[in-house]
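Pasting the structures in now, so scroll down.
The following pair of complexes shares a single chain, subunit A, combined with subunit B in the former and subunit C in the latter.
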Partner chain A sequence: MKDPLIVLDQVQKYYDDYHALRGISCEIGKGEFFSLLGPSGCGKTTLLRTIAGFEDVSSGRVLIGGRDMADVPANLRPTNMVFQSYAIFPHLDVAGNVGFGLRKRGDLSADQKKAKVIEALEMVGLAGYGKRPAHALSGGQRQRVALARALVLEPEVLLLDEPLSALDKKMREQMQTELRRLQRHVGITFILVTHDQEEALIMSDRIAVMFEGEIAQLAAPQTLYRRPASRKVAEFIGVMNFLSATSTVSGDTVALDIAGLGKVTLSAEQCPGGAPSGAAVAGLRPETLSVVIDDASATPSHSVTGKVVEVVYYGDMTYYEVALDGAQKPVTISMKNLPGRRVLEIGDTAKVAWDPSALVIFAA
Partner chain B sequence: MRLPKGEAASGLLLVSPPLVYAILLLAVPLGSIVLLSLWTQNFLTFDTTLTLANYAEAFTDPLYRTLMLRSLAISGSVTLATVLFAFPIAYFVSFHVAPERKALWIFLITIPFWTSYLLRVFAWKVILGFNGVLNTSLLGLGIIDEPLTFILYNANAVVITLAHAYAPFTILPIYVALEKIDRSLLEASRDLGENAFVTFLRVTLPLAMPGVVAATLIVFIPTVGDYVTPVLVGGPDGRMIANMIQIQFLQLNDAPMGSALAISAMTIVAAISLLFLFLMRGFLKERA
Partner chain C sequence: MKQGTGLRIYAVAYLIFLYLPVALLPIFAFNDGTVIAFPLQGFTTKWFVELLSIEALHGAVRNSLFVAITTAILSTIFGIFAARASSRYRFPLKGGILGLIMVPLVLPEIIVGVALLVMVVSLMGLSLSLWTVVLGHTLICTPFAVAILSASFNGLDRSLEEAAIDLGETAMGAFFKVTLPLVTPGIVSALLISFTISLDEFIIAFFLTGSEPTLPVYLWGQLRFPQRIPVVMALGTILVILSLVLLTVAEFFRRRGVRRTGAKDTGGFL
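== the complex of A and B ==
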């Protein structure tokens, strides 16, 4: 990384016997939208709180801007946080909440502070809400107030602890794009904690997937989705079909015999966890498979026949479950519902086309 | 006769026993006292001509005025002392006691209530007396040369005794208000750059104010009219308005004057309480 703002160096955290963070090391860049993604209890919130200064590390170091944060309390760190519950002060109005942290800014006059509050409220789309009492705010508005309250202090890092989990689906989607836009606009580092893989993929420059106190993979969304480092990561991010296979490694290539798909030779790059020898698992995303429907002229390079066992129609997409000869489990295939394209029915025979370059191979 | 039907009727039926009880035991006696205060004592009989003469006397006689002002001063000191002592205790239990131990702590705080109020007042007499526990200990330790006399049979003794008696009443509402504070608000304040002390002033204290206001009223209103404590530990300088009301009713046989004093005291306390609530209205607004 050319310009790391935050450096985590072997961060460990114990709660009595419980080992919450097991040696986290990573660098987060200036102006990056970084996500900590994982199931509940994986330590992602603990890690965020460690960066904020609400938890101290049992061992290891947290550096922000090159400075060791060990003896720096939360109120003196260049970080601000948007809490999961938003933590809006109920005894203050919107302007009181947003201006809360400006009290200590002795370099600003009262009028300048007021102007900053107004500017921050405009930035989050709450212009004119200054006098509104805290209890009269909706969930989405509370979130915007929490954002404005943090951003008005111009922190080097904005920490977001599952900020969208309390919102309904539509509001959440709107806020995802808005947060992304806001981050580009202010240009500071955002660190987002989420358990929603879709949210992480949509918003982040890079994602650290965490399981049980460890980073399982740290990569850009596309890499994470296309080349998950382990079967566990692959299962957590999106949907993936897993087919058992046997592999023979020879130099840079891997020869595979995949149950249901047949024999194929791939480059070792398609094994992000290292090329396995012997028993292996081949992973395929549903959209990399396709069902050939009413198209006699199509001659896919790789295809097999199977039987449709389930059809789920989503409007824009149809999901098929197709049983392939030799595979233990049916594979999931997603197809766009293009105009004129027929939807198959349960029991139909289907020709399934697949692309060897989309395969990801894991050790069994 | 047709029986009334519907929700209103069943509601009326439900509230009527306590309503009758309340009317008989609160409204009727209060009404009679008001009426009595407008009469005058005529040796052995009442002169039932309605007059405000008793009130005029209650507000002009220097003795009554002194007693009323003293009652307010003692009660105000008791309130201040109780709330100031109760807040740290409530804060400690709410913020520094492990959740599973809180119930035990609250239970321990209520233990003084297991003894009768009178016994507790007598106990203070034993502690504060000329040859009491406090004086003998201090003498024994050589801290003082002669017994302290300013701690019994005066207003100080009344304040000390009442403050102890009302402590649990103040700890509990403040504790409840502190318990209701979302702890993430304190983290938010720290996160926004404030240290622990300023966070207390800007977040904890304003959010605890409803409890403090409740505690203040719970102590102030009944202590103004306290009767037993001044009699037992107050001495001549610690007498309060309630003692005078008792004297009017029983010794001087002037029930109308006693009633007028009682109603005046009640009105003054109500007015002060309302003024206090008005001044504190900013802290009592609706909250999410």
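== the complex of A and C ==
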């Protein structure tokens, strides 16, 4: 990356004996929306707090704007944070909260500060709420106040620790798009911590998937979804069918014999974790498989037959579990419910079409 | 018979036993007679008027106020340190240290009094004064202050201070601008409780006063003179009312603090 804003270089963190961060290295660009995604306890918050300066690193370096942050305390770092609990000051009103960080700014007159607070509140959709006491705010409003309070200081980096987890589903979805729009508008680097894979996919430019203190994969959402580097990443992000296979590598191609699908030859690119030799696992997302329903005489380039063992109807979609001839486990297939398209029933025989380019191959 | 009648009778009997003696104070304080006995002799306020004319009593009141105010301030300051440390930090022997702070709560006061007397006079060679009383009272009031303030500090979201630091404050600034305003109700409550305890305390004060008695010590001295007893009753009435008012105000502040930090009320001393 050219001119990264943040550089993490072999960051390690121990809490007493517990190894919370195990050598995190990555670069985050200016104006990037970067997400840290991982299961509970994998060290996301710890990493974020390390960048904010609330935790010292045990070894390794954190650089922001080319400057080593080792001796820079949290209050002097060019970062601001939106806390998971929002940490709205209960004894101040909304304007007092948003203006808190401006109080020390000697270069601004009282009027300028007031104007900045009003502008920040407008930006988060809380215009006119300045006099509201903190305890009279809803969850979504608290979240916006926390956001305005951080953004009003125009930090180089905004750190967000699961800022949407306390909101209900509808509010969360609304804030996801709003947050993304806001980030594009202000052009500040956002680092978002989340354990919600959908949220990370929707909002981020790039996502670092973390497991147990390590980055398992760092990639753009589409790459992460289509070409997960390991089975673990694939399972964490979305749903994937796994079929056992045997693989023979020759040069840039991999010849596979997949249980239930048959023989196919792929390019080594479809093995993001490296081409395995011998026992392998072939992964397929449910939406890359389809049940041929309307036109039984259609002949897709790759198809197999199986038996429907489960049907789950979602309104817009139908999820089928189909036991393919020759596979040990049924595969999940998602189908759009187009007008006039029939929904199969349990016990029906199904013709399943698949696309070799959608396959991802992992070592077994 | 309705369920729980037995328990209700017990509760009423218990309350009567507890408060009847206190209720007798104002009755005899307004009784026109030097003998503390029924039947009552008629209504008078002369014992209260007489209070105004006793010079030694005024001195005792001044001494007690000095001791109680100083004790309240010292105990609360120590309480703030201990409560903040216990709510924020992990350190070796934390449980043991906090336990030791709380021990004077359950030690018999007479033991504390004698021990302090021996230490101050024999070992340190100091002479007794109001300051030695302050020392003893601070020892027994600090646990109360710690208990009240711990509730205030524990009720605070610890990310509040971090948020203030994140927004540019130093650790000190964050404490004064965020934490302190939020625990102020707890501080007021701790000040009032310590003040009340010190004002009423007799045993330790009895051991540690020099030539200047505190109010309870002075009162005890007056009990030797039967003709003084109605005046003591009048003074006792005033003290009881004052204590009740102070404790009520303290509880009001404690509850307000709990509400302000949005924490759950886990019960105070009242």
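Heads up, the rule we're going with is that the second predicted complex is superposed on the first by the 362 of 364 C-alpha atoms of A that agree within 3 Å, B and C clash if a C-alpha of one lies under 4 Å from a C-alpha of the other, contacts with A are read in each partner's own complex, and residues count from 1 in each chain.
The definition used in the following text is that a contact is a pair of C-beta atoms (placed from the backbone, for glycine too) under 8 Å apart; a residue touches a chain by one contact, two chains touch by 3 or more.
What you see is a predicted model, and the numbers here were worked out from it, not measured in a lab.
On the shared subunit subunit A, the superposed partners subunit B and subunit C overlap sterically.
In the overlay built on the shared chain, the residue A:Phe54 is in contact with subunit B and with subunit C.
In the superposition on chain A, A:Lys116 makes contact with neither subunit B nor subunit C. In the superposed pair of complexes, A:Phe83 makes contact with subunit B and with subunit C alike.
Of the two partner chains placed around the shared chain by superposition, subunit B is the only one that A:Pro133 touches, whereas subunit C remains out of contact. Touch counts on subunit A: comparing subunit C and subunit B, the chain ahead is B. When both complexes are overlaid on chain A, the residue A:Lys104 reaches subunit B and subunit C alike. In the superposed pair of complexes, A:His91 makes contact with subunit B and with subunit C alike.
Counting contacts by the rule stated earlier, residues 52, 54, 73-76, 79-81, 83-85, 87, 89-91, 100-101, 104, 135, 149-150, 153 of subunit A appear in both its interface with subunit B and its interface with subunit C. Touching subunit C in their complex are the following residues of subunit A: 52, 54, 73-76, 79-81, 83-85, 87, 89-91, 100-101, 104, 135, 149-150, 153. Chain contact summary for the complex, subunit C toward subunit A: residues 157, 159-160, 162-170, 178, 181-182, 260-262. Residues 182, 184-185, 187-195, 202-203, 206-207, 283, 285-288 of subunit B touch subunit A in their complex. Contact residues of subunit A toward subunit B in the complex are 52-54, 73-76, 79-81, 83-85, 87-91, 100-101, 103-104, 133-137, 149-150, 153.
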